[in-house]
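Per-chain numbering from 1; labels A, B, C and D assigned in written order.
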């Protein structure tokens, strides 16, 4: 048997709260999704005013980041014209996105989930996802203490 | 022009909290989704231990309840063999569900959103959805005052 | 964080071998799929002569059994006409199957995966899936010793 | 009538074993799929640690290689901007992939199946697929004797 470490709901909602805080500071309402290590949705928030169109995109960014174990932005270059990954976006039922805004969440050396953000510009989405991932990393990442009192 | 009344994120998350409280009391972790009046997801929570399979089903129940403006359970009888609605479950890309657990949220005489619950038995899902809808109704429903102080 | 127990590839292939042995004894070639606790494919075998049409059905049976944490056959009654689950088969993109032949694999009190079998009659599919699940249970199930020497 | 030569399950699993051996030597767990001459899955293995996201991609690479009768990597150039095949990746429901890692398996002058590999970098996927195809070719390819004793 394999043992997998997976993000729980309380942690996912804390990540979403951190993302929302940044989005509010930026004045850009966002869709924010957190999936687990298997790509399944754990928590989602559409901030008031965020685009309905970007609901699925936020979820897909999180899914692709968990699935590739890479930030979606960092997959992009290998899919440009002339690169071996060209056209990858059509795979996995159109869920292989390279749009910035999806970042894996790592703890104990494993990808335990991912966050996806969408409704602003790709730069704004990326900024919010980075804030969320940094918050996660500071509390549950490799360098963080693992005392129970920190587990929410 | 039309003016649409639609559930906001803070209200949706309060509805999810009410649903979670009931689910916790029942000892059955649930997937809980709230969509707005247009059927678009506003907030989602997968309680720890809820089935991944039921994530999409919870969202679909909320979607169908907002879309039909009826509790999904109450659509069922008209889709039975011999009834004119027979086969309706295949419509809307398979999102016309009649499984209990989806209930519209009404305020000011309008359907402003819906809640969908899935991971337990259909009776358990229905009980949690009813608790969530009752909570919504007590605070924002037809009979409730609409003072700003009540808006979270 | 949550910790999840998940079937590994060697175990999945041993389950498939057990299923194949039974199918061979019955003289009915089968498609046999094993998914993990998250519904993702771990191993698959199409025995020579098994129907191509049933490849996806075998995978779907395993997916639905892992997802509902029930044997697909046992979900069926609640989806019959007049029952609350009527029409459920259209959900999850048509992957909510109640066809016999999908059985969850449990170890340590958790569903760690599922097996799905399809190409024969539903009774034949069920028989092979039961043989596979019984083999799994005898080696890795709740009652089995957990010595390393038994882990394949 | 047509007679079609098609890879059988035992051969497909031998090809997967050869691919796994190379992947293990490289230290990169892989998803490995073998399809038959009709593009239908014959055998699949997800090595422990391989990405769930790449399950479908491995199967798609094998499907596209069998379907085009070319290595997926070699289809890529004709789909670049300015080329007549531009945009082909959206065809066949998004299954026209040009990502390296899919290679047809030829015996007796015919494409009898294909192997697809995905979870590493495209270069790693390609290396494993080539190792698998070379193994197949050495045993069942054009230059190999076709005595029954060689058929596994």
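FYI, a contact is a pair of C-beta atoms (placed from the backbone, for glycine too) under 8 Å apart; a residue touches a chain by one contact, two chains touch by 3 or more.
It should be emphasised that the depicted structure is a prediction, and the values quoted were computed from it without experimental measurement.
Trainee: With chain centres taken as the means of their Cα atoms, state the distance from subunit B to subunit C in Å.
Mentor: So the centre of subunit B lies 31 Å away from the centre of subunit C.
Trainee: How many angstrom lie between the CA centroids of subunit A and subunit B, rounded to a whole number?
Mentor: Roughly 26 Å, centre to centre.
Trainee: Could you pull out the residues of subunit A that touch at least 2 other chains?
Mentor: As it turns out, subunit A has residues touching two or more other chains at 2, 8, 38-40.
Trainee: By the document's touch definition, which label belongs to this structure's chain graph: line, ring, star, complete, or other?
Mentor: Chain contacts: none of line, ring, star or complete; other.
Trainee: Pull out all the chain pairs that touch, please.
Mentor: After working through each pair, the chains in contact turn out to be A-B, A-C, A-D, B-C, C-D.
Trainee: Which bits of subunit A are touching subunit D when the two form their complex?
Mentor: Within the complex, subunit A touches subunit D at residues 2, 38-39, 63-64, 66-69, 78, 81-82, 84-94, 96.
Trainee: If we count contacts the way the header does, which residues on subunit D are in touch with subunit A in the complex?
Mentor: 48, 51-54, 56-57, 60, 73, 76, 79-81, 88-90, 94, 96-100, 122-123
Trainee: Once bound in the complex, which stretches of subunit C touch subunit A?
Mentor: Contacts found on subunit C: 1-8, 11, 36, 38-40, 107-108, 112, 140, 151.
Trainee: Any idea which subunit C residues touch subunit D in the complex?
Mentor: By the definition above, subunit C touches subunit D via 8-9, 13, 38, 40-48, 52, 55.
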